[in-house]
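The same subunit A turns up in both complexes below, where it pairs with subunit B and then with subunit C.
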Partner chain A sequence: MRRDRLRVIAVSALLGLAALVVWQAFAGGQPAGRGVPGPLAVAATAGHMLANPFYNNGPNDKGIGLQLAASLARLGVGWTVASVVAIMGGVALGLSPTLYRAVNPYVQVLKPVSPLAWMPLFLYTIKDSSQSAILVIFMSSLWPTLANTAFGVATIRRDYLNVAAILQLSWWRRLVTVILPAAAPAIVAGLRISIGSAWVAIVAAEMLIGGTGIGYFVWNEWNNLALTSVIFAILAIGLIGVLLDAGLSRLSRRLAYTE
Partner chain B sequence: MSYLEIDHVTKLFPAAEGGGEVCVFRDVNFKIEQGEFVTMVGHSGCGKSTLLNIIAGLERASGGGVVLEGREIRRPGMDRMVVFQNFSLMPWMTVFDNIRLAVRAAHPDWHRTNVDRFVQRYVDMVGLTGAERKRPAALSGGMRQRVGLARAFSTEPKVLLLDEPFAQIDALTRGVIQDELVRMWTASRSTVFMVTHDVDEAIVLSDRVAHEVHHHGVRDVLRAREAGLDEGEAGLHEHDEEAGEQGPHEVDRYAVVAREVGDLRQGGLARLLGRDVGDATGCRPGGIRLGRRRGRGRRRGGRRRGCGRSCGLVLGEYPPTDGQQACHDQGCEDPPRHRSLD
Partner chain C sequence: MSQDGDDARTLLSAAAEQAVELAVLGGRHGRRQFIQSVGAATAGAALASVFPMAAARALAQDRPGPLEKRDLKIGFIPITCATPIIMAEPMGFYKKQGLSAQVLKASSWAMIRDISINGETDATHMLSPMPLAISLGVGSQSVPYVMPALENVNGQAITLHVKHKGVKSAAEMKGFKFGVPFDYSMHNFLLRYVLAEAGVDPDRDVQIRAVPPPEMVANLRAGNLDGYLAPDPFNQRAVFEEVGFIYMLSKDIWPGHPCCAFAAKREFAEKMPNTFKAILFAILDATQYARDRSHRKEIAAAIAPRNFLNQPVEVLEQVLTGVFPDGLGTTRNVPDRIDFDPFPYQSMAIWILTQMKRWGYLKADVNYRKIAEEVFLAAGCREAMRALGQKAPDSSVVKHSFALGKTRVFDPDRAEDYLKSFAISRT
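And then the complex of A and B:
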């Protein structure tokens, strides 16, 4: 078991190293200022940016830490509100087969719509780009949690609901002591998918709205032709995505149960 | 008026294919007095759980009704607690929290420390001290059912409904927990209705009462047992006469054994319960056999009869019998063949 893990780590490290070497060789073979920057250049930029991540020199020049924080704040608001709405809606759908079947066609139509497609509508109606971005996050986090919650609640074992009925629990206690814990594994699975797709969507949304955020940062650095910054931002986005998922994965382990 | 009356209860389910309805049982009719322990035995899939769920209020009867203390049962309530075959504990809660959920529901006005002390008492009572913080998944089947029993008894229900509570417990543990059940029932004096597919289990529990609960009805229980079920109505009559004034109504546990198709003894249960002979027990297309059984020896093929007008409980296998014919006459479809949902 332990030896297996060591082997995996070794292979993983070797592959990473090989990729870096190939990348550096490829970048080094190009005339300076024209090709893709190599890992050494990116590392230099990273060191530079991480040395002072939270500086603020006006709208077009902010530290990467500030940009990421802005994106995470948007994500936090949009995703949290969407999750609350989706869980409440999902519980209602899951408890009522009629409602579920009545609402399902609309959900099916809305689900495949890219959250960015809503952007013009939001910009037109609320006339605030930052809030529009939050709404885009909201739209992108809504459906996975809604669908998973509805499924989780609909498939709660009859026995648990029977016990709740015999004990004559009030609807609130039934919700918090039986329905939500019983459906929790499914709900958290939905939350994980949601936060992933929201993090994907936010980069694009911020490229469109401008101002702040890691998406805007990427676009801005591209306009400055600072490709090392773009590559470093890509890595940072990926890393944050992993951390977000890991957090929810811990939550899901906490809430998991065996029957 | 009896304490708990199962009054001509009929249950129809929508047929799986091709519309129509399937009759699970029809006109089940019997009465239970306060403090009694009544067991009903029937094959898997014969409708025991369905009947129990109707009494619990989890399911609605298609006809007839259940009356507890003069009031018709329409929905589940704290006065009737169920112990389920599959335990039905909340797997995300600890043992303690499972029982506390019930105690809090029974006593919403109690202070937290009070509730906890009460819960602990029941935890100790079923011998789970030290396992309070465990989740059900970490317990054996026997321990889980102890939690189930503690949860049910902790609400101090008027009627306890046991749905094959020992079916998923290994034989050695089963005996111990059956003892615990008897002990708790003796202490609480709640009314118990148990269903099981295991004839021996019903008999074992009945036996134990005969030995452990000393009251003047015991002699009659033993006498009835000697007469045995297979002696037929004559035997039961004999028993009635011999019992004399004391009569079997002082007996407080009955195994209602319904096993073989077409083996219906209408009114048998009523006679056993010592009241309302005549219309008291309706039963089934197929059959039901009522009465206490004796020892391990099991004689088959008692006298068979069609069930005539008051046709009801589908308890048992399903080769067509005149009983089933009677059911057709009443416009209800074939009973399902031995399907079990449990």
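And then the complex of A and C:
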């Protein structure tokens, strides 16, 4: 078991190193300032940016730490509100097959819409770019949790619900002590997908609205064709995505149960 | 029009407006009460529907009263056209008027429009056709705007991909994909003008897309575009990146054409006349400073950082000083490549409206002159310039000369005939 793990780590490190070498060779073959910058140039930029991640030179120039924090704050608000709404809606749909079948066509129509497509409508109606961006996050994290919760609740073993009925538990206690715990693994799986798609959407949303955020940072660096910064931002976005997913994966392990 | 006639008309309209105000609303106090009771937007709309109460009136007071608002947000797109609006922050021109203004970078003109209409910015950098289009509700919800000053004249260019180095005339551009910053831009109208004069129909023979200026170089490099008529620094940046060359400067189409402008909602100008006037003073002051060519290098350094344009200083200097490589191997020296002249001639607005009509953006018949007067606050700008000791033209409506085309002179008094003279047109 341990040897397997070591082997995986070794192979992974080798692959990474090989990719870096190929990248550097490919980039190094071009004159400075032309073509794709190599990993050394990106590392230099990264060092420069990480040396002072929280500087604030006014609304259009902030450190990478502040940019990421702004994006995470948007994500936090949009995703949390969407999750609460989606779990409540999902429970309702999961408990009532009639409601589920009645609502399903609408969900199916709305689900494939890119969350960004809502942006102009939100801007026009809410009249606030920052809240519109949060609503885009809301839209992108709504559907996976809704679908998973509905599925999880609908497939709870009938025995559990029957026992709850026999014990004459109140509506609220039935929800908190039986339904939600039983559906928890499915719900958390939905939350994981949601936070992933929300993190994907936020970069694009911030490129549209401007202001502060990692997406806007990418846009601002792109407009100066500063590709080292763009690549560094891509790595930072990926890393944060992994951390978000790892956090929820931990939660899902704690909530898992065997029947 | 003679100076006397213009002045007399200004005086007359001022007197008339005062009489209207006294009679309808019971003087200044009554006006305030009226606005408070029905809301400023309604009040403005109600008054404007009866009498053309221009915000220029707010600019006419000699001494500005106390500022209604000190902390301001002013939107901008990172291009050299916005130089006076941007540099006024780092170089202290807003502070000099007692304002604490922050300039906010936006990613596209649609965003500039929306955050301005939504009130997230107090005043804003706009393309000079935008306040006209928005006031008319063309390509936008209809919100009355005022535009008391231009930012720059000239300063744009047609840039083509390096693979088109052999192209010598616009007639060879059939099949090209072009980028312009926005539908309601001088860029769009000038590009269409150049193409149509060469017999290329801009709607049928080429593709013209709206691309946010900062994304143009990347699109040109990727081969998504064959060229663009765009604001600087993105023409010069394409040369710097060796992906494009400067085919034609916009001053060789219409010397002294308007481009970007400073604009605000009419509601803002009427609700906060003193603040509005203070911003205008700051911008006129900055514009005057930018006009002096000996200041251009200093300005390039002030607006280059990431907080503002986020561009190499070298490129900005080439744009602002007019000494630049054109991408074809020659270094050109064109001192008026870009210039900063704030005076918003109403005849410029009339030309823009004729082109909006020509290309089908504006379908209804409108009174060009009336709209031009309501949006382009020439009289207000003139008074503010004179109050600052600057020279300002006496006339708000003049004839404009073009460097290219069949009809070289645009006579605003014969706008309909001008419109009819074009062979390619959607009217």
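Simple rule for what comes next: the second predicted complex is superposed on the first by the 259 of 259 C-alpha atoms of A that agree within 3 Å, B and C clash if a C-alpha of one lies under 4 Å from a C-alpha of the other, contacts with A are read in each partner's own complex, and residues count from 1 in each chain.
Assume a residue touches a chain if its C-beta (ideal position, glycine included) is under 8 Å from a C-beta of that chain, and two chains touch if they have at least 3 such contacts.
What you see is a predicted model; the values in this text were computed from it and never measured.
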**Asked** Fit or clash for subunit B plus subunit C once both are placed on subunit A?
**Response** fit
**Prompt:** Which partner does A:Ile209 reach: the first (subunit B), the second (subunit C), both, or neither?
**Reply:** second
**Message:** Taking the superposition on A as described, I'd like to know which of subunit B and subunit C A:Ser129 touches: first, second, both or neither.
**Reply:** second
**Prompt:** A:Ile166 contacts which: subunit B (first), subunit C (second), both, neither?
**Reply:** first
**Request:** With the two complexes superposed on chain A, say which partner A:Asn223 touches: subunit B (first), subunit C (second), both, or neither.
**Result:** second
**When both partners are placed on the shared chain, which of subunit B and subunit C touches more of subunit A** = C
**Message:** Once chain A of both complexes is superposed, is A:Trp23 in touch with subunit B (first), subunit C (second), both, or neither?
**Reply:** neither
**Prompt:** In Å, how small is the closest CA gap from subunit B to subunit C once the two complexes are overlaid?
**Reply:** 50
**Asked** Which subunit A residues contact subunit B in one complex and subunit C in the other?
**Response** none
**Request:** Under the touch definition given earlier, write down the residues of subunit A that touch subunit B in their complex.
**Result:** 159-160, 162-163, 165-169, 177-178, 181-182, 184, 255, 257-259
**Request:** Would you mind writing out the residues of subunit C in touch with subunit A in their complex?
**Result:** 78, 102-108, 111, 114-115, 117-120, 141, 214-215, 217-218, 237, 241-242, 305-308, 310-312
**subunit B residues touching subunit A - in the complex, by the definition given at the top** = 56-58, 75-78, 80-82, 84, 86, 88, 90-93, 101-102, 105-106, 135, 137, 155
**Item:** Complex contact set, residues of subunit A against subunit C
**Value:** 34, 57-61, 123-124, 127-129, 207-211, 216, 219-226
